[in-house]
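One structure follows; several queries about it will come next.
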Amino acid sequence: MAETVLEIENLRTSFNIKGNYYAAVDGVSLTVHKNEVVAIVGESGCGKSALALSIIGLHNAKTTKLEGQVNLKGQNLLSLPVEKLNKIRGKDLGMIFQDPMTALNPLATVGRQIEEPMDYHMKLSKSAKKKRVLELLEQVGIKNGPRVYKQYPHELSGGMRQRIVIAISLACNPVMLIADEPTTALDVTIQAQIMDLMKELQRITDSGIILITHDLGVVAEMADRVAVMYAGEFVEIADVNTLFANPLHPYTRSLLSSIPSNMTDKEELHVIEGIVPSIQKLDRGGCRFAPRIPWISEDAHEDNPMLHEVEPGHFVRCTCYKDFHFPEERVEDENYVTT
Amino acid sequence: MVTVNQKELIAKEKANNPSLLKTIWREIRHDKLALVSLVLLLGIIITAYSSPLFIDQEQLQRVNFLETWEKPSETHLLGTDDGGRDVFGQLLLGTRNSFTIGLSVTLIAGLFGLTIGLIAGYFGGFVDNIIMRIIDFLMVLPSLMFIIVFIVIVPDYSVFTFVLMMSAFAWFGKARLIRSKGLAERELDYINASKTLGTPSWKIMVFEMFPNLSSLVIVNMTLTLAVNIGLETSLTFLGFGLPASTPSLGTLIAFATNPDIVQNKWWVWLPASLLILVMMLCINYIGQAVKRASDARQRLA
Amino acid sequence: MVKFIFRRLLVMIPQLFLLSLIIFVLAKQMPGDAVTGAFMGNPNVTPEQVEKIREQYGLNDPWYVQYGAWVGKAVKGDLGQSYTHKQPVTSLLAGRVANTITLSLFVLIVSYAVAIPLGILAGRWSDTWVDKLIVTYNYFSFATPLFVFALLMLFVFGFILGWFPTGGSVDIRIESGTFAQFMSKLHHLVLPGLSGALLATFGTIQYLRNDIIDTKLKDFVKTARSKGVPEGKVYTRHILRNSLLPIAAFLGYEITGLIGGSIFLEVIFSYPGLGQLFIQSITGRDFTVVTAIVMISGAAVIVGTMLSDVILSAIDPRIRIE
Amino acid sequence: MSLLNVKDLQVHFPIRGGFFRRVVDQVRAVDGVNFELEPGETYGLVGESGCGKTTTGRAIIGLNKATGGEVLFNGENLATMNGHDRKKHIRDIQMIFQDPYSSLNGRKNVLNIIAEPLRNFERLSPKEELTRVQNMIERVGLSPESIYKYPHQFSGGQRQRIGIARALMLNPKLIIADEPVSALDVSVQAQVLNFMREIQKDFGLTYLFISHDLGVIKHICDRIGIMYKGRFVEEGTAEDVYTNPQHLYTKRLIAAIPEMDPVKRFEKMELREQINVAYRTEYDSYFDKDGRMFDLKPLTPTHSVAVHQGGM
Amino acid sequence: MKKRSLMLLASLMLVLSVFLAACSGDDSADGGKDKDKGKDKGKDNEKTEEGSGDNAAELDFPLAVSNDAEAMEDGEMTVAMVAGEPFEGTLNRNFYSGTYDAEILSYFDEGLLDTDGDYLITNEGAATYELSEDNKTLTLKIKDGVKWHDGEPVKTSDLLYSYQLLGHPDYAGNRYDFIIENVVGMPEYHEGKTKEISGIEIINDQEMKFTYTEASPSILSGFWSYATPRHYVGDVMTGETTIKDLESSDKIRVNPIGFGPYKIDKIVPGESVLYSRNDDYWRGKPALKSIVQKVVSPATIVESVKKGDIDLATIPADQYLTVKDVDNIELLAQVDYAYTYIGFKQGKWDAKKKENVTDPDAKMASKELRQAMWYAMDNATIGEKLYHGLRFPGTSLIIPVFKSFHDESVEGRMFDPEKAKQLLDDAGFEDKDGDGFREDQNGEKLVINFASMSGGETAEPIAKAYMQNWADIGLKVELVDGRLHDFNAFYDMVENDDPKIDIYQGAWGTGSDPDPSGLYGRTASFNYTRYTSEKNDELLKAGTSEKAFDLEYRKDIYNQWQELMYEDVPVAPTVYRYALEAANKRVVNYSIEPGKESDRYKWGVAE
């Protein structure tokens, strides 16, 4: 196993809602190694973006409580004051955002924006910076670098802008990258290009990547390891091949069977009953997925579900996976109206 | 079929109907400052509007040179002015008139601006272009100067004509605002949905688009209400105020034109100035709460 | 850019034309004219002499004839003759315009100088006591009638403390063209300028504060933070430039307010400018002057909005003027 | 006779500029599109953003004005009809929108939302109306009391079903579904897709299904048209298009679908690279000198491709 | 100097400027010629008797400052022009119209002939005159050493030039009046028929002769003796310039010259003027080295005076109480040459016949009604309470400052509502329908429409008070349009006999000549009430006849006229007024006494 770059230990991110704190990320532990892509997958509201922002420290400090540890290069990022954190953000830790249309400052040139992290983390002359920018632009597959250098974001297409965002995140050779839904806002052909680009880049840079996505297709194409997240917790962690070949947790299995694909063809898609619970109404005692598989006997769930290592590197939360089966008939979804 | 249990649920849902007004009320209740403002403002307004019940307007307006510039006393709570008229009574009547003016201008201009803005915003394109060219032109007009010219021209200068004149220059800003939001709203699918459902344009404007702009309208109106109350005051100062038979806050404040009155006859102008300040602050704080109510992200409640 | 300005100026012509027509017709509707009452000082003047003078000034012609004659001269840059001041309107206005522009610019600059830092503070530290203090100040400035505030400023700083002159635009004793005269002008500007500026901050603070609060949440700000940009630089480099855009966009309309405000300031501080002249000309029915002042004000707004656009295009690369 | 026949449909938007804001150019959002829909089938329009698929849908229902061509619905040309005549037909065509949040008026409760079409076309007593709405709301799987709730009280999937209920109120023949599931999470997407298939049978609906998601299209559509830059590049059954793509662009599109089998991910990457190479070498066979697609040429009775006369 | 200058007093700006150029008889004389739309009401007070007439409240003001210290060498003084607006800056006697311009003019320019306390021309000025036996020819001689500020001597042709300008066909000012026209040959010149004015003969550079068509005592008070520096401003007669160019020329607006005690150094347009000493002043070296004259808003004048920023200023009446106890100043006052009145419309101006036509059926045609309305007004209270005694009830139309002509036996109609009611009852104005208001003699509803001018805080309560007074005697009086009108709107209606108006409140400033025919004559367009009567015609004619060079005769005539006016009440005078002036205690040699204008050069400041 390669060297560990990032280590998340029992991270808990809670938001203040009307005076009370509710955990959106609820005791998450994860290790990312050098040259590894770890995908965190789940539906909206499962806490994956909150996790990404917690790692890089972008939550509003006034309304957010962070517990646990996020260790990067031996430092716990959560305990660092902002000034120190700023020495790491953009240098050792890069971030790629979802929407390239809004992630770039509309009033600054592309060159300026890529150079900016270098201003704070590298001592380079002006010309050296420019040289590095042009290099980066080439790396992310932009052909006429010198021209793009002077352009403004609005003059570029979405795909181009996402390449720029990637270039920014790579500017100081980070050891760790967090990519929050990097392809979601893109058209399918562009998405393919960006995925290919990121795979290519990863080979070059050796950095560890946390890839946040809801798209299992993207996971299948890019990830080395996958963590499936539900209601603030990881419910299944496995090597990518294992996960797709042998998904265990009911949630993982439900997700996979709800995707229209060759496998399902014209048959009915599987529907996961109910909705993702909001963090305020979440019952944090038992198996959090239990209400959505009511046909499974309550006995099948654990009281305090733990991650079980069912085979080396393959973790599943709660014992219910053992008894899980899809229902015979579609259940009339009368209960949808519960919000 | 609908069961008994469901009927209860239905009733509950009906009761739970979170209309805009309710949301606003809820928001105000949760904001002490706004609540105090509302109570205070209502108190002022109710007192002012009910003043004719206990004040004889004829008597109040009667000039009595034997009692000019009297200091506050038991007979004259806030003293008297240069005509020996009771300032307190004028303050009440003035508040009533000023508020009526401010409110009427706000409503008339609001309604007009809203209509024009909705039409421009909803139809967009050519119609919008024409309306905007007109509004662009109107925005160029130095409105204060025009109002002054109009005041000089109208032979019958009364609260009514004054309100009309002010309204005539207050609507286009609103129309612009509504229009720009309307243009954005127009792109939203619920408008498209209504179009595909065969709903006539006017219905879409009134029942679909307008409710979604209503919070904006209310926020804007509270702000302009404050402005409009103030504008009358300013015109009075320049000597283009309402006829003296219509006492207003402006009439009282405009006494503050020379140092003698400012320093030694504070009871004439200071209460009115403070009252206008208090009213404007109240309106603003309420407006702030209304604004929050219209933006779910900012709500306190 | 040049083409853009040229085009905007071209559009301005019909606007001004229409404006002049409206104000001209309205001015004529005012009861009486410049000659009304003008000869009361000398009852020995016969009615014929009065009529002769009305005739000389063309006051008896129907309005369209008068307007036609006026436009004919106006296109040549002659805005007519002021009856009251017995001189061409253009030369009459020349000095006043300069004063009003000076005053307005001063008000504008000071109000920005006050409002922008306050807006930034309030936006950056929103919902703290700093913010609350600024917001409260803002409400007060919004709610206080300009003339009351100006009068109080005048009494406090002009008379009680005696720090500033209480009227006029310059100390006449000081030699023209010297630095001392410049300072004197500045000294005279302070009170009216501050009075106007402190109450003109409302819009700017309000917009800036709200915009900063909005911009703070934008993705590109997150991008900047994720780059490790220190907090101060996040504001200076990323948020401010974006948030100042709406301020620039409002410059044109800000001018409308300045013109209105200058009327009060000029009257209260005996500062000879357009506003004061306007009131004087309205009461004196000096139609040509009224028309000219309204047109200048209108033109100022048009130029102001144009300036807004030019500034916007300079700081916002998304807006490019062809 | 086909239910809908779109012939040479064009939607051009003017670009204004210059001194007097004259029209200086046209954006050819839809530039000569032909297709037919048989009653009861689901026809998919696929393409990337900006390809004109949404504009085509909107032009059919009248939200955009067709600047050329015909839209024959039951043999009558909607494109040239005036508003009054169109209204008679419009109740037979309904639309489902992409964003379940913006397509429902947040200020109206569900009853008023769903009853809107009824109020436009039928005069019903409040009681009748309520009954019809309640029947429909139950049909789409929501509880009866929910008609007094407001859209924000529902989840995305539920909202989308409210939108569908509204479209169904007038018993339409054709439903134009514009990206109905692309804003939804996968599990909810499955819910809606299932539901749409179910009501298709029950109500005898014909769907024009617009989407950028090739997986979804393949799942739900009988026939598919692939659009690019305002024109069709390929048309055929789902089978034709997915297993035997002919046009270079179609190939690229299909190759871009993420591979669900992690093991094959590098094969897929190579395939994409090959297509990129093909773009450089075979471009002229697929695009004319202006970069425009050729007209469709039938390859088999069900399968047409836009290739040069001599083709392939 | 002018025969008579009557000036309209508009209450429009009463507050802004009950402002008198009180400082000078001279000044006020031409003030009479101001058109100034009433802004400057009262600006010309002329001669004055000490203090006041008999009815004046018990206020006693000095006319001169009490400080008798020696003026300091090279002193500097700051003088206020109390105005809410900028001065216009037409600094030429022939063309100016604003009062403030007149004030500026008085510092750097003066008439060739001086006037005495009775406003009659004297030989004390820069020139002397002599009147012929038949009173038709006036010979004028300029003294030696009278020089324009640029050093050129003042010549007779400079005075001729003034007449050439005033009579010029292009002249659009208001000073071409009948005293100018009275010069032989002037009408022909005015109509453009001739280039010469035959009645003016230049004998040499210092001597000239004026011949008049008619002999009239007006010449002694109305003679136009202001010269115009032809060499400096340019000559209209030679085509060097035109009247229009002249009016707006820098020679008049930016750096005008005169031959007065001070020279203009600099003007900040509309705002202030800086003067310096004219060392060559013909009377001697002026006391002050420089003077700053600046516009001060009426709102701030008291504060400015208190602060010591201002040495001389007029004080609005309504600020009297504030200024009364300021200890660094001294208050001077004299009764102003003005009165306020209520006018009763009784007819129309016939533009063709150019005379007033009285309508016997006019609403206000009843003499008793008019008398009753006069009795009903409580002017004493207004004067005392509202103006703190600075105004007091008027009695006759020739104000008490004309000591020789004011008829003290006419006591006016003091507040007496009972008498008013009695008069009305007797005349048949009775409340027949019991609504509390009287009907007219025929039993028709009687609603009297009252027009009054806006301006100042006092205008409105006064109008209101009168209406109450009249209501108290059962007369229903309503404000025209329900509001006060601004100056122009008001006079537009009054001048044009707008049928909306039955009565109005107006004001006249009177000049140096008591002759009232310009305001009350049959052919006077300013006779707004349109009152006429044969007796009136007779008396007015007699008052200006050649016989009237005899003071006793003239006095008798005017006493008769005042009786007539008291009886007929075409207008009811309401109040006379004091004009108040504040002088810093360091000011010396300053007096507002009429005829002391010539001492302006002695004004100074002490340590």
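Every chain is named by a letter (A, B, C, D and E) in the order it is written, and numbering of its residues begins at 1.
Here is the rule we go by: contacts are C-beta pairs under 8 Å (C-beta built on N, C-alpha and C of every residue); 3 or more make two chains touch, one makes a residue touch a chain.
Treat the numbers as computed from the prediction; the structure is a model and nothing was measured.
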Target chain E, source chain A, minimum contact steps: 2
Path length in steps (a step moves to a chain that is touched) from chain B to chain E: 1
Innermost chain by mean C-alpha position: C
Best-connected chain pair, where connection means C-beta pairs in contact: C-E
Farthest chain relative to chain A (centres taken as mean CA coordinates): E
Chain centre separation (chain A, chain C; CA means) in Å: 54
Length of the line joining the C-alpha centres of chain C and chain E, rounded to whole Å: 38
Whole-Å gap between the CA centroids of chain B and chain D: 47
Rounded Å distance between chain A and chain B, as computed from the means of their C-alpha atoms: 50
Multi-chain contact residues (two or more partners), chain C: 30-31, 151, 155, 159, 267, 279
Junction residues of chain B, two or more chains touched: 152, 155, 239, 257, 259
Residues of chain E engaged with two or more neighbouring chains: 299-300, 303, 486, 489
Inter-chain touch pairs (all): A-C, A-D, B-C, B-D, B-E, C-E
Chain D residues touching chain B - in the complex, by the definition given at the top: 58, 61-63, 87, 90-91, 93-95, 97-99, 102-109, 116-117, 120-121, 134, 143-150, 163, 166
Complex contacts: residues of chain A adjacent to chain C: 56, 58, 82-83, 85-91, 93-95, 97, 99, 102-109, 113, 116-117, 120-121, 152, 154-155, 165, 168-169, 171
Residues of chain C touching chain B in the complex: 15, 18-19, 23, 26-27, 29-31, 139-140, 142-148, 151-152, 155, 159, 253, 256, 259-260, 263-264, 267, 278-279, 282, 290, 293-294, 297-298, 301-302
Partner chain A, residues of chain C touching it in the complex: 218-220, 222-231, 237-238, 241-242, 315-318
Residues on chain B engaged by chain C in the complex (per definition of touch): 137, 139-146, 148-150, 152-153, 155, 226, 230, 233-234, 237-239, 253, 256-257, 259, 262-263, 269, 273, 276-277, 280-281, 284-285
